[in-house]
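Both complexes shown next keep chain A, but they swap its partner, so chain B is in the first and chain C is in the second.
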Partner chain A sequence: MVVAAQAPVAAEDVWIPSACSMCYGTCSILGHRVDGVLTKIEGNPESVLGKGRLCGKGISGIMTLYDPHRLNKPLRRTNPEKGIGVDPKWEEISWDEALDIVGEKLRHVRQDDPRKLFIQRTTTNTSSRTPWQVFGWAFGTPNSWVAGGGLHCGNGAHLISGIMHASWSVVPDFQYCNYAVYFGASKGHSAGHASCSNMGMAADARARGMHMVVVDPICNFAGAKATEWVPLRVGTDAAIALGMCHTLVHELRLWDSPYLKAKTNGPYLTGPDGRYLRDAATNKPLVWDTQTKSAKPFDAVEPEQMALEGVHTVSGLECPTAFERLKAHLKPLTPEWGESISTVPAATIRRLGQEFGREARIGSTIEVQGRTLPYRPVAAIAFRGAQGHKNSVYNFLAVDLLNELVGSADMVGGCLGFNPSCHGHPETGRPHYIPYADEDGLMITGIWMAPHLPYPMHEPRMPETMSLIDLYPMTMMSPLMASSDQEEMWQRFDLPYRPEVLLNFGCNSLLSVGNAETVAKTLKRIPFIISIDLFITEFSEFADIVLPDCSYMEAHDSRPNFPFIFNLPGGMGEWCWPVKQPVVEAAGERRESSELLVELADRIGIREDLNEGYNVSMRLAAPFRLERDKRYTYREICDMELKSNFGPEHGLEWFKQHGVIKWPKKPEEVYWRHFENVRVPIYWEFLIDTWEQANALAEPRGWHIPREYYSPLPSFLPCVSHEETSEQHDLYAFYYRDAIHTNSFTMENPWLDETAQLDPFSYTAAMHSEAGRRKGLKDGDWVWIESVKGRRIRGRVHLTEAIHPEGLGIAACAGHWTEAQPIAKGKGVFINDLLEVDMEHSSPANLNLDLCVKVGVTRCDGEWS
Partner chain B sequence: MALVTIKLFGMLGAMAGTRDLQLELAEPAHLRDALDALEARFGPEFRQRIMRNPRALQTYLRIFVNETEVTDLDTVLQINGLPTEVSLMLLPAAEGG
Partner chain C sequence: MRWGMVIDLKRCIGCYGCQLSCKAEHGTPPGVFFARVLKHEEGTYPTVSMIFLPVLCFHCEEPPCEEVCPTGATAKSEADGVVAVDADICVGCRACMMACPYGARYFNDENRHYFPNNGATPYEQMRVQRHQEGVVMKCDFCRERTAQGKEPACVANCPTVARYFGDLDDPRSQVSHLIKERGGYTLHPELGTGPSVYYLPP
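And then the complex of A and B:
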């Protein structure tokens, strides 16, 4: 007799709602746990975040959770020598011992000078933002940076999206947009903010017939799905966008006059020095009242009565409006001029300008949920590719000017800053934030990822921070945290201290910043380094103590996608607040970093500061404010935040069961710009003072800040690579964000590695077939890629028609060498190793490090092949 | 005289060397007066840290008067003789992504 084997019945079989952290998209997930083991990850269809869909990285999270190379115990280095490839000779120690060492170091530094603590963390794990920011505030250090996406990430995009759209980034209003132009952006087509949600919305928009133009040196994630791909010379986006603006203004005389009068500073009168003309009594900017034919404060005249154009005589002075200055500025910036810089034919630039203007349907309206609103179904968006350059600010601003000219900024069908206005849950009115105006009528964002707002900017002053952000107020991220000239700059500006302890969370700055040699030198100067991570990384080679972190599948967070300006799809639909919770028990001796920071705060003696920091950061309202001297776990803090926002019955336990809370968005929230009395600057008048003040501090110290980066109107300004003349270095290497990998973090994941190996682009350098033929290269050849500065990397070429003939596109941030990540080791092309990290290669406006580099490419010829 | 309790959190407390202090201010006392008194005690660097320009506070400074966030330098600090606590916290932080 044969007895059929019976499958054992699982004692436990549950699906747990939580949030993905394989990238910072924070899609909502369901983890399938059977007898304590995670067996599958799916999207949570109840959530707006991903709407039940996951990308390949999200599904592969199971392999990162159970990776046998995960850290399980605290480690201490026994080898005092540090360097790339130097074995730290780790020894395992107990948590008690580790915390004694770390607590003592931090206490000592705080007593001495809290600014000597330097904190760096990854952006990949979005949930780390609040605990780490709050810890930094409580400790009292102004020195922190994030290096997950590299220094090229977001510096200009976030700044300008914040000033012009009150949001962290911009997307087309996928539900209504008919014509979208993408400049170096892939929103809805690969990775990034609200990634999976945007992918669904973008696909629906294309199916509906949205015409999509992608201006990009490489035709990959967005370009491959576009209606039209427009290849340009790397980093010249501003030249195309300004050429299109010229076509609108000077060839078509087409702009949205009511919008420009009511929603921008276009009608503000300017004096001979370029500054606003101001009212003597109130100091408010003046406009020209066409009825009384006199200058009046901007808030004393109805917008329709304001003069948008013209030069008006005030007190004997000839005073152009800001819009008149913009017109004059655009006059020479013709499509032909744009072609000479970008290589894109003038006829194409002109046609794109004409199509953009025509499709904007200026003057039309549409009804959305009973509200009649302006209908402008065109959007010009940009992101990392366009702004990751020395000309970061102007490249992005020039693109956004297109939206401002046709009045499509945050209007139905237009270019949306996502979710900058939230009126709160219907039962509690929380969270609540709305953009508001300053005394000049210009918009201040109602919420931001950090308290350092994009606008208003602070006055430049002598630096107190390692980053010199004090001197460069448009900066978000600064290369000076790891640059070759940091000591020179610190001495020049009398920085009164040097970093003594670096506290790292999940960041592998050796791979993600620039060339490893430069970063390594800066790390060697820091006496003590603590790293909290999932794996040993190349960065760990410089750490003194390594502490094992829980992965997102083992950790809590009450706000994985808050604020909504970072990670919630834009447009009409629903607000959605999910939580993150452990799907499985933490293995080994791993600890949640957020709980670890609570413990460290106690050991340092800053519990009161930490609790007050959480009260401030989470805007906790009574009775859910933290008592200052009481010790809370981070779980308890999460519980307080959820109850504070959604009422006492909606605490952490409720969310752990239900996963998300949702409520409908209102047109007044999504299309807030029509309703709120705020203006945005099409003329950045405030830069005139900013430059004068910054340069007045810099010049006496032998440092010149170029004025052309602080003009109120955007121009094309070249990258260092555009000015290289060496004939051997004939290609522009640039990096782009891969859809298969998240920066350097996921390359150890075997499923993603396998996928990337199958993909012809992920681990190769993409070169135009014709350029390859000229160099005698075949597809798949091993090559050396060498910068003008003599930095050299190795990789395989992929020959393709889908790249600009001068471009060499490489997905970042590959090239691991640590033995501790055997799957990642040796994979891909380490483009960051070509990048200089110094002031010369950074924007004099926002210190954005340039991501393009002029290179020569030669075959390896037996050395490696 | 108005008796005002000051709480300096984070960097401000660490640089001042104390988290708690008491101020006696002439009535009617305003937030501006409290900041002037703190500058007199801790020097001009204190003001430089908290002011964006000579007229406005840093956008990353948070000031609470009896747990209510305020931004107006003319905020009255003592009403009907009730005890007043002013707490200040600087929130310097970089962000990217």
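And then the complex of A and C:
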């Protein structure tokens, strides 16, 4: 028997407050450092972000910090040949040499045409957003994306949450909600925005008795905790939501009339072409004044006097209100119609609509901290699952219409955006942002994650970006950055340049975007690739220079969870601003990427633009604005931001000591919609112009943009998979986000990998037991999964009753093959390798890549069995 | 007093926070999980339910592991009811592992590391290598933490606040109250082991 040595008394034993980056949830942590070694990560109980409690991923950050396969030195490729599985034959170089090479490349490309720089960064490290966005602006390139992490995230969810809730996402008001319907969402039950805080709040809500209906093809995570699980055919969420809307409007005649009149464009009059009727003098949309029986500008009539319904005669024209158009649109979209598309019984859809309407308690009020507010304790939310399809926009919008009809959008107990309104810290009044109205009375978000606002939409124009976001203004993230038809589309729309340098931060697009073959082809077209990363990844096989980054345990950031629309839990409680700081010293020659960008900006000669970019992006106020030509470290910039927001005594050093600053939320902030005079569109009138303008640019170039994707009212539109007729391809493969992994990044973490191996779902393809029997499969069998296009992946099947009979559920996003990540290599099922990345599989509305694919499954005999 | 735990299956979402906070706290070697989460499916489509069942050592009132231990290494504390292994006395015969009906015990033949070709990480050097080799290891309700007045790691960390820790002998404790009010039950009561870990129904 070996006797353990008695541990000596530690010379150093400290708990250091910081922020997690094992997913984009950025929960607040305490790192326990003993004699220079990180020995434990716990949640920071002082913070609202996680409230002192962490998921399995957050706990396991230790093993990512100390992974011996982490990068420690700059590397240069010596093998000019690039390809999947081709060894770049790395040689170690000094930082001086690396920076000379990178600086020279960037300087050269900027002199030539700054748009030729293509930036991609990971979603996982939320703190990277500001330094990378600012660097991109200062450099002058419009070409950046967050690769697969973003593409597979919330293209439709973020757009519509932005337009309808002035926030990045939506969540039930857990403290007051009594009845929540989740469409392909896991808020509070797995990962994601404000993940650990939401887990606690959702558990409180369920314990309180919140009825939770989960509409999802798989009964895992949220489905497992549902009061009622409603399995549906993959990608048909809109058909159920619209059927429920039909029940509310046509069977129950139930809606919140005062809300719709005051807070939406429901009463706006529309002409025969579907556009608003506008006032000749002011150009403002007209409403029907029931007192004077005449059309007047919307802001000249008290909401209660407006006609919500009906067709009104104005200047001899028959003019329905927008709400009247919605009613007519919903007329044929019955629960029976919904069943024919979704397989969910009409009786279930009808009952859900009835329950939703009844539980909304339309007309009721409640007192919150002395304020009497509308009480609508129902919420319909959606996220990645519902909108990760070609019909992304309408699937999400149809779900949100439920909230609008019953008036539960951002009301007590209803569907909340994450913190769309903030009046600022009581001592400084900062940060400060409130949704405001445009000239049509429609809401513009007070803060956003990018300069490209969801509303108002810019007029479609000829593309200057690789993404074609200029032509498709509803796009948040575009597959054209790595699609098989990018060159064809760029030629078609005369893109005047091609990418020459790709600057990558932490993305492994070979795994995260779609089939690796397509992504590899796009990378091979780019002459020079620089990658800043924690590990050698599959992406590195295409890089020319690889630079070793600090992990979140070795880095600074002043705003790990800001903007609050991204990551602070919604609902009443406290505002909370934490910082990130190093818990241990960086090993090897790793450098903080945010500091590296400052250094590169200096070498390229864009220091002034960079400083101005930070002034704008961080909304820095005097005297804490950056001087144009002064050289700052990123740490100094962090210090300026904190002092700008919270006063000179609350700089970076104060935050490093104290971890977080908190102050109470007010009902005027959380339930802002009741207080602010803004409306949201239940009728997306602006899409009529958007389509006409986009198609006018596209048609002459032989490109047709289907009009049905630009109707002002949502319908169900099929995915490519719904139209496949091959009998051998009888299952809809779809992917979902596992609770124990974040994108492809965490598969190298041995604690998480081990946990995933023990989980029946994490590394398998979940198939309904009956489908398995039909195919002669047993639980655990190795199978080939083959798409109609002939792409084939291998995996083990898990037979279960907890999935729709037509579904094949696979957790994303496995598939590592690099020897440089021996823990991750070969684990899980590489579903992304089945995905086509092209315009055919992307939404003609917001370019959302469809993430479901029709497949056949056969037993793997021979070499793999 | 008798330390006990209550796990609310209505709140648990299977995030594995308990399983991994336990691992981080104790630096257990690969393959060893003092706390685990099992996923169990019941019913047939579409009336199916997925149960997330966190398990650990149940610190039984009549521990079968204690009965079979030839050296007295495994003992139930009379002071607080915690069943623990004295590594200095354990000879690694593993009879206790055979006797435990809940699979809550592990044999540490040698201290392995998570990156097998690279040796111990700095964390593992500090945490894993303190475990004795050739002995049985298990959950001790985080003795070191409770001695400092802290809750066990799995309890303190649970993001859904699904785990409660307290004195089962005290009828006024939160755990006693929850068991009484919510119909707390133990796993395999027919074995007569008297577990100190209770579950509240999903």
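Annotations for the structure displayed:
FYI, the second predicted complex is superposed on the first by the 856 of 865 C-alpha atoms of A that agree within 3 Å, B and C clash if a C-alpha of one lies under 4 Å from a C-alpha of the other, contacts with A are read in each partner's own complex, and residues count from 1 in each chain.
The criterion applied here is as follows: a residue touches a chain if its C-beta (ideal position, glycine included) is under 8 Å from a C-beta of that chain, and two chains touch if they have at least 3 such contacts.
Nothing here was measured: the structure is a model prediction, and the numbers come from that model.
After superposition on chain A, the partners chain B and chain C are accommodated together without colliding.
When both complexes are overlaid on chain A, the residue A:760 reaches chain C alone and has no touch with chain B.
By the touch criterion defined above, A:277 reaches neither chain B nor chain C. Taking chain A as the reference, the larger set of touched residues comes from C, when chain B and chain C are compared. Using the contact criterion defined above for the overlaid structures, shared-chain residue A:553 touches neither chain B nor chain C, since it reaches no partner.
When the two complexes are overlaid on their common chain A, residue A:231 makes contact with chain C while staying clear of chain B.
Once the two complexes are laid over each other on the shared chain, residue contacts for A:200 go to chain C alone; chain B is not touched. Working from the superposition on chain A, the chain A vertex angle toward chain B and chain C, CA centres, sits at 140° in steps of 10.
Applying the stated contact rule after C-alpha superposition, one finds that A:158 touches chain B and leaves chain C untouched.
Contact with chain C, but none with chain B, is seen for A:42 once the two complexes are overlaid on the shared chain. Of all Cα pairs spanning chain B and chain C in the superposition, the closest are 20 Å apart.
Chain A uses no single residue to touch chain B in one structure and chain C in the other.
Note for the complex: chain A touches chain C at residues 1-5, 7, 34-35, 37-43, 50, 52-56, 58-60, 62-63, 65-69, 188-190, 196, 199-200, 202-204, 206-207, 219-221, 223-225, 229, 231, 739-740, 750-752, 754-755, 758-761, 768-770, 800-803, 805, 822-823. Residue ranges on chain A touching chain B, taken from their complex, read 24, 110, 114-115, 123, 126, 129, 133, 136-142, 144-149, 153-155, 158, 444, 448-453, 456, 458-459, 461, 464-465, 467, 469, 476-478, 566, 606, 608-609, 612-613, 616-617, 622, 625. Chain B makes touch with chain A in their complex at residues 7, 9-15, 19, 48-49, 52-53, 56, 58-60, 62, 67, 87, 89-97. Note for the complex: chain C touches chain A at residues 8, 10-11, 13-17, 19-21, 23-25, 30-31, 36, 39, 41, 43-46, 48-52, 87-88, 91-92, 114-115, 117-119, 121-127, 129-135, 156-162.
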